[in-house]
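Per-chain residue numbering starts at 1, and chain names A, B and C are given in the order in which the chains are listed.
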Amino acid sequence: MSGLAARSEDLRVQSRRPLPARGRVPARWALSFLVALLGVVVLAAVASGAFQIRPGEAILILAHQVGLASADGFAAQQEAVLMSIRLPRVALGILVGAGLGIAGAAMQALFRNPLADPTLIGVSGGAALAAAAVIVMGVVWIPGLSRSLGPATLPIAAFAGGLVAATLVYRIATYAGRTSIAVLLLAGIAINALVEAGIGVFTYVANDEQLRNLAFWRLGSVGGASWTILAFVAPAIGAAMVVLWRLAAPFDALALGESEARHLGIDVQRLKAVALVAAALAVGAAVAVSGMIFFVGLLAPHVVRLACGPAHRVVLPGAMLLGAALVVAADTVGRTSVAPAELPLGVFTAFIGAPFFVALLLRERRAWVL
Amino acid sequence: MERFLTAAGAVALAAAAATTAAQGPTRVVAVGGAVTEIVYALGAGERLVAVDTTSVYPEAALKLPKVGYMRTLSSEGVLAMRPQAVIAAAEAGPKSAIAQIELTGVPVTTVPSDHNLDTVRVRVRKVAATLGLPGRGEELEKRIAAQWTDAERAVASYATRPRVLFLLAHTGNSALVAGEDTAADAMIRYAGATNAFAGVNGYKPLTAEAAIAAAPDIVLITTEGLETIGGADRLWSRPGLALTPAGKAKRVVAFDALYLLGFGPRMPQAVKDLAARLHGAT
Amino acid sequence: MLKAHAITVTAGGATLLREASLAVAPGEIVAVLGENGAGKSTLLKVLAGDLAPRAGGISMNDRPLAAWRPRERARVRAVLPQNAALAFGFTALETVLIGRYPHSQGAPQAHDYDVARAALARLDAGRLEARIVTTLSGGELTRVQLARVLAQLWPGEIAGARYLLLDEPTASLDPAHQHLALRVAASLAREHRIGVIAVLHDINLAAQYADRVVLLKHGRVLADGPPRAVLTPEALGACFGIEATVLAHPRSDRPLVVVDA
């Protein structure tokens, strides 16, 4: 060929669909599967619990809410348990899981590394520490602030804490446009250590009731869910999800490098700032209501990437769906396996996530360029 | 949404109220060892359908289904027992679980957890009221008052005021000392002794220097705690304890945790026993 | 015209470029030669907007670089970097599609796919389409990246002059592919009025393909002109510190440089 054809018709066109790489699941299949998976998990979650509600009764209760069924098929208390305890809990699990999933994917895009995870690199820790500070010191420390912010003080503090930690880690681990994964993880260790120390101090000065509130942060649980809490958290996590999802294409470009992304016409500074703030918002809101939940932000995007490739058009929504399914599933197992007691869902995400992380590290050993 | 749900809760509540109007709730969940004790002391033990894991007295309570630890309840777990009422100590939690239980129409009565005799009286009164047994409640109160007078007399009869250090042992290596505003501090003072760590507030970690400076004559501990440590011999290997008067004479007094610190109906008896052991040991 | 005027760049006490000026017109190929550390990549980075000069200015199509909005600038100027980040395992096609971002804004249409495929084919990388880039050899990867910048500047889409900056595009390519890459650059220049600036290491490649050669030494422009005028033994000696013999190429009217042992 001597020249380059200028019009489509002159180009030799083989097919209009991209050829999937060997072993990759096409995007449409994967996302449909994940939606179905989430649906199944949610149904199972709504139908399970220490309190006996049969699936049929659950359906009747839900139908009754929208006026499609009478109140005959179930007891009033079953309805109360389903609507004011179980449903908010499942809904919160979906929100938190989706938020952590997409925040994890965004962090991995930002740091250009598939091992970045909000908890590993200390972002969740920063949020938790800020929340602990508010719980123990809030009224004393900035007197007018908690009064004027009211019940929003805690989530806002968690968001601020997460943002500070995220910015700090980014600054430490990035030099001359390159991010070192080793420094990233080490910075995360440092921040998590600081968080532990801080929470230790707060534990020491806390009174009994504050202590009980503090213990909650280390475990990770959506048990405190209520519609009021959801009304708070849903807009925050929802907004973050929308913002991040729309950054799919710029994230792809960023994967080639910051200069390359700039050459493609992307305002890289703005992209980094928006992504960081949105991810911190999602993580902060999640931590504020459910404590520290490990590994979801690492696991969900990574599995989607393994199956479908790194295109963020698939990874971002996939991470949301898979993250939600993971959290809801872990929570369901946690509250049914040792009923009437409950195991915190963080235990299960750690049980699955930690070995997965180790497996990842082993796989990457060959290509270690730390 | 909340308004709508409370409607469902209200229906459930009304249903519950109807059945319990006459003789009080017949399906009760008790959370907190002292609360359970009071229910049994009121002769209403057969109404309990479940208790928490801190309810270890009387023996019948051990046979009841458990709803988990007092501070980490699961709302569905409690509700699965289909209680008509829940009676809980103030430390029961998490608060969100309690709120969720109430939201479904099951009333939750909270009894105070201060560390004094008056609390015992208030607890008895509240539990009796919830169960619809005011008469028996009054009788129990009178019995407790009589036991208290007896205990006071016994305490006053001792001439000495030994210095006591209360040790709370969680795990193998960490140990906390009870300062002021703790259940142990209150019991020590009621029993006519002095808390060697009266200068601090709440539970604080044990340090060698502080222990030696406090110079306790006796170490007070729960039997469960002593087991956790591994026996009296291992106790004296704790930092500094061996160099205290208590350590040199190897004076340790152990009591069952719920009996000593529960502030239930056996509290006056516990004060009397404690005084006897503390003063008899010196 | 893409013009750099009197560019001075300092970093940490060292002066990387001293009042270097360079211009490329649409349809021209300019090769930049020099030793390591002469400032070639620095100059390219300034032209690419990655580095802000201490003094001097850049203008593109008669507007200062800073006056261009990012998106329109990306449709007019493409940059091939020396090293590519390979954090994630995109396929070659996906990588080339990313180059369509200034046009597709992230929602690639059928046309974008066609352009991407054609670009790969033009770089003899069509069969690499479904390969994951982290598994490619250095040469294959360079060709995929070239296809990407080609897709970014695909002919016929924008009226007006456009520019392509190449930082050592032939570094890991075998001889056949070296020439393929430069032939693509040449046809872009000749047939589609794209101004090409290429940093090259191989003097003879520069001689064969460039319309103008620029010699850099210690951050200064030593010479700037057609190959036959610039590639003289004296100039090469001053620039590289070598003894060179310049012959007439047997089959073209370009000079052939042989470095004496």
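Going forward, contacts are C-beta pairs under 8 Å (C-beta built on N, C-alpha and C of every residue); 3 or more make two chains touch, one makes a residue touch a chain.
Everything quoted here is computed from the prediction, not taken from an experiment.
**Q** I need the common contact partners of chain A and chain B, sorted by label.
**A** none
**Q** Using the mean of all protein Cα atoms as the middle point, what chain has its own Cα mean nearest that point?
**A** So the chain nearest the centre of the shown protein is A.
**Q** Please tell me the distance, in whole Å, between the geometric centres of chain A and chain C computed from their C-alpha atoms.
**A** Distance between chain centres, rounded to whole Å: 42 Å.
**Q** Take the average of all CA coordinates in chain B, do the same for chain C, and state the distance between these two points in whole angstrom.
**A** Their C-alpha centroids are separated by 80 Å.
**Q** Help me check something: in the complex, which residues belonging to chain C touch chain A?
**A** Spelled out, the residues of chain C in touch with chain A are 48-50, 70-75, 77-79, 81, 84-85, 87-91, 93-95, 97-99, 101-102, 104-107, 110-111, 113-115, 117-118, 121-122, 129-132, 152, 154-156, 187-188, 191-192.
**Q** Which stretch or stretches of chain A touch chain C in the complex?
**A** Counting only chain A, the residues touching chain C are 1-8, 11-14, 16-22, 112-114, 248-250, 252-253, 255-257, 259-260, 262-267, 305, 309-311, 313.
**Q** Chain B touches which residues of chain A in the complex?
**A** 49-52, 75-77, 79-81, 83-86, 207-208, 212, 216, 223-228, 335, 339-342
**Q** Name, in rising order, each residue of chain B that touches chain A in their complex.
**A** Those in contact with chain A are residues 1-2, 5, 8-9, 11-12, 15, 50, 65-69, 71-72, 74-82, 91, 93-94, 96-97, 99-100, 103-106, 202.
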